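Starting off with a structure, shown below.
Each chain carries a letter (A, B, C and D) given by its place in the written order, and its residues are counted from 1.
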Amino acid sequence: MAARDEVVLTGWRAKGHEIIFESDTRAGKAFDVGLILAILTSIVVVMLESVESIRQEHGVLLTGAEWAFTLLFTVEYLLRLMCVTRPVRYARSFFGIVDLLAILPTYVSVLVPGTQALAVIRTLRILRVFRVLKLANYVRESETMVRALAASRRKIEVFVSAVLMLVVIFGSLMYLIEGPENGFTSIPRGIYWAIVTLTTVGYGDIAPQTNLGQAVSAMIMILGYGIIAVPTGIVSVQFARAEREAMHERGVSGQACPGCGAGGHAGDAEYCRLCGGRM
Amino acid sequence: MAARDEVVLTGWRAKGHEIIFESDTRAGKAFDVGLILAILTSIVVVMLESVESIRQEHGVLLTGAEWAFTLLFTVEYLLRLMCVTRPVRYARSFFGIVDLLAILPTYVSVLVPGTQALAVIRTLRILRVFRVLKLANYVRESETMVRALAASRRKIEVFVSAVLMLVVIFGSLMYLIEGPENGFTSIPRGIYWAIVTLTTVGYGDIAPQTNLGQAVSAMIMILGYGIIAVPTGIVSVQFARAEREAMHERGVSGQACPGCGAGGHAGDAEYCRLCGGRM
Amino acid sequence: MAARDEVVLTGWRAKGHEIIFESDTRAGKAFDVGLILAILTSIVVVMLESVESIRQEHGVLLTGAEWAFTLLFTVEYLLRLMCVTRPVRYARSFFGIVDLLAILPTYVSVLVPGTQALAVIRTLRILRVFRVLKLANYVRESETMVRALAASRRKIEVFVSAVLMLVVIFGSLMYLIEGPENGFTSIPRGIYWAIVTLTTVGYGDIAPQTNLGQAVSAMIMILGYGIIAVPTGIVSVQFARAEREAMHERGVSGQACPGCGAGGHAGDAEYCRLCGGRM
Amino acid sequence: MAARDEVVLTGWRAKGHEIIFESDTRAGKAFDVGLILAILTSIVVVMLESVESIRQEHGVLLTGAEWAFTLLFTVEYLLRLMCVTRPVRYARSFFGIVDLLAILPTYVSVLVPGTQALAVIRTLRILRVFRVLKLANYVRESETMVRALAASRRKIEVFVSAVLMLVVIFGSLMYLIEGPENGFTSIPRGIYWAIVTLTTVGYGDIAPQTNLGQAVSAMIMILGYGIIAVPTGIVSVQFARAEREAMHERGVSGQACPGCGAGGHAGDAEYCRLCGGRM
């Protein structure tokens, strides 16, 4: 079925695909750099607009920039749809949806009457920040690091599960001990407090007041201080393994000496270091 | 004595033991999955009931769910007792007690008159969250990690002792320096503050006010920032060792000496290191 | 000169030295355990006495315990002085001074008239908590860990210097940016805030209010979040080296094969793994 | 061109260069120690002057010290300019500018009338703290550590970028969820909060109030608690590599092949791995 659907792009659509989706050519690179700048600037605009004082002073300018970026991203979105062989698949992908959500609110805001609804819709434009994730594609190292993290995914899951178990138990205990009169109004709030404490964030908006509560929370703190070592240990070992594998590939020849069969030669070895035979 | 006591389970009790305590069979797996879901849901119910607004709105529903889970867990508890050869031993085990505490409060709440006592008993149902620990049995990796932590247990104990010594000394010093008028009402409270600070939680409910106090607490902070490296170092080395041992087992030749049968030879061994025979 | 001063202890003083300063004999071990318990209990007594409500209720009991421990420690102090060959040297050592400071305040409190001065002297008894450091002598592992830390002492010093440099610069900057009206009343206070922030403690008693101040402090936070990796890296490497050295001692023979000269044999090797010659 | 510009210093200027810029001679070492002490003392003076109470009491003394240090540093600055072959290059270098900024404000404060402007200029003297960076030159280890950090610079950049992406997204989300009424007055403020939370600083000046906000921030906290492992892993691996390389250099044979002169042979090499000649 996959083969049957395959449409070969020709003419300007092939050219467009090359520019928009690839970055080998000069035009493709220019497009990428331009897009990154546009995304970053549009995010700054949304940020600035959220600041009350700036919105009141430079409102017109920001609205203009807003519309300029919306039109630009609309053109980009349509071009992307036209330059892929399977537009629906793109539209349904994560970045397809993010691209659509980045432009939709501005258009909807024109159609909808009433200032209240408008305010809600305007805030939705903030979803545009998710486009920032596109930048990750341009950083080669991120792939290596994500791979290293993915390799220790199972261990991280176990660790997070253990942390969740701990915060559920300690959060419930503290709800029992401190009670609603000291800010622990419910078990979920107790769990929120336990997370704030175990991760050593410690806002202080909810803090134990009773002696027993302070003793128990001292335990959680020392526990949290100690188990932070676990993810660190996991990741360190994983990074060390990746390093070792890379070194192994570079440094040590896989060749064995034809004379004496000894291995472990340096990558540039031409003679066996043990018997002197030619390799 | 152990042999004398041994009772062989037969008939439905043997079948029940297989389903409840083992997870090799189809029925055993289904039971496990069902139980996990029931435990998680019952914990969510207890959590929701602790939220004032939800309790008032959906009180009847929550009470119904409460009784349903209590009956379910009662059946499970009785089945467990009947399907082991030594019921008393199970009843006295950690999970036996947790299972009992998970169902008892609901029953007791019927017998006890008066709303005040009732409130206390109801909160005891929260102890049910300890059942969440049962989930740990189903995660294979947790065993490896617990083993790695157990191997460095002695070092962790030493570290925790050192931390306790530090907080006792610094907590007392700060009680002397700051005094009750700045929130350090007693030495135990000073120690609580020292733990909050050393572990970098930093609630801010108690904070040094005097210049000397701030200078001393700056020292504790830098100390705490530095010695967090110690548990991390311990666990990292432990994880690295576990990794190396696993690698070593793979790296070591699987061959046994044909002469003396000794194993554990290096991968490049051509002669047995114990008897000198050709391999 | 050292030889000239040497006095050989005889009779009961030799016996006392054996019991008090050594822990090889039965009596020596019993003395050590008793002393540890006495120190811990006396510290708990001082702690409890610092709690207002407990002092008012059990005042007489605590005073009695106070005097009992003071007399006990006085006897111990005198015995120590008598059972060493150089009493002055002991009296001037760290633990000699701590031992004296632990008993002196109780005696002085009798001589001094007036309740005000009395309160000051009483609080000095808290210095007794330093005796807790004696416990460190009984933990063998602590020595290994202290040695590992001492080996990386130079690196830790450099790290702490770098941290101090950073907090001086950022603390001064924030004093310029935020000024006294936002809680940054002086440069030392700014430095205190920078330490609180860089070490991720974050009390919140002083927090940046201006936009620029919040931007700069965001930088410090990310910096602090990142450079915590440095002490961890130092200690991890140090622990790994200690581990490797221990393994090396155990695992790998220092012997080279007399036949072919190859090294790196397992500790139990009797024949060279490469040429088969007897080792 | 470089050769054409080269001016050879002679006479007292050569001598001065030796003393001021080098530390091999006796005079050079004395100058360095004196300068370090002067810098540290002058920074303490600036710090003390920022404390209101100390300024009022010891104002005259501090002003005197201020002028003494300004004159001293002026002499040092002029000597540095005279004792280098390219004064302009020095004046434009980082430390040249810092040296100038350290003395300028005191002189300007005489010329400028009006107390308001004076206060601004006085605070600029705080820039003198940047001179503290000069101390880094005297610590040999700092170079090794900076090199280790520089080697993993690319990975740290990727990590910081990922952190920035996360705080932008979470900060915007929380602005949407919590809104200005709960302290999240704008997206930049939301990002500031996200940084405070992710780095586990947790001031508590802005804290989520709504249930959804607390749930989302619990996610950020666990995320922040986990990804602190990433820089730690990077730095640990880097330190371990530096360690290994140092060890390797020792482990590698110092011998050069007598045939082809190549070095860097393994410790157990008997034949040159490049030309096969006997070593």
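Methods note: a contact is a pair of C-beta atoms (placed from the backbone, for glycine too) under 8 Å apart; a residue touches a chain by one contact, two chains touch by 3 or more.
This is a predicted model, so every value here is computed, not measured.
Chemist: Work out which chains are contact partners of both subunit A and subunit B.
Modeler: Chains in contact with subunit A as well as subunit B: C, D.
Chemist: Suppose you list every residue number at the subunit B-subunit C interface; are over half of them used by both chains (same) or under half (different)?
Modeler: Different, since most residue numbers here occur in only one copy.
Chemist: Sort the other chains by how far their Cα centres are from that of subunit D and give me the top one.
Modeler: The chain lying farthest from subunit D is B.
Chemist: Please compute the C-alpha centroid of subunit C, do the same for subunit D, then give the distance between them in whole Å.
Modeler: Centre-to-centre distance between subunit C and subunit D: 30 Å.
Chemist: Could you give the separation in Å between the centres of subunit B and subunit C, each centre being the mean of its C-alpha atoms?
Modeler: Roughly 30 Å separates the two chain centres.
Chemist: Between subunit B and subunit D, what distance separates the C-alpha centroids? Give it in angstrom.
Modeler: 43
Chemist: When the centre of a chain is set as the mean of its C-alpha atoms, what distance in Å lies between subunit A and subunit C?
Modeler: The answer is 42 Å.
Chemist: When you check subunit B against every other chain, which residues touch at least two of them?
Modeler: Each of 159, 188, 191, 200-204, 224, 228, 232, 234, 236, 240, 268, 270 in subunit B touches at least two other chains.
Chemist: Using the definition of touching given at the top, classify the network of chains in this structure as line, ring, star, complete or other.
Modeler: complete
Chemist: For the complex, give me every residue of subunit B touching subunit D.
Modeler: 200-204, 232, 236
Chemist: Give every residue of subunit D touching subunit A within the complex, in rising order.
Modeler: It is residues 154-155, 158-159, 161-162, 165, 168-169, 172-173, 175-176, 180, 185-188, 191, 197, 200-204, 207, 211, 214-215, 218, 221-222, 224-226, 228-230, 232-234, 236-237, 240-241, 265-266, 268-276, 278 of subunit D that touch subunit A.
Chemist: Would you tell me which residues of subunit D are touching subunit C in their complex?
Modeler: Subunit D residues touching subunit C: 43, 46-47, 50-52, 123, 126, 129-130, 132-133, 135-136, 139, 141-142, 145, 149, 156, 159-160, 163, 188-189, 191-192, 195-196, 198-205, 224, 228, 231-232, 234-236, 238-240, 243, 268, 270.
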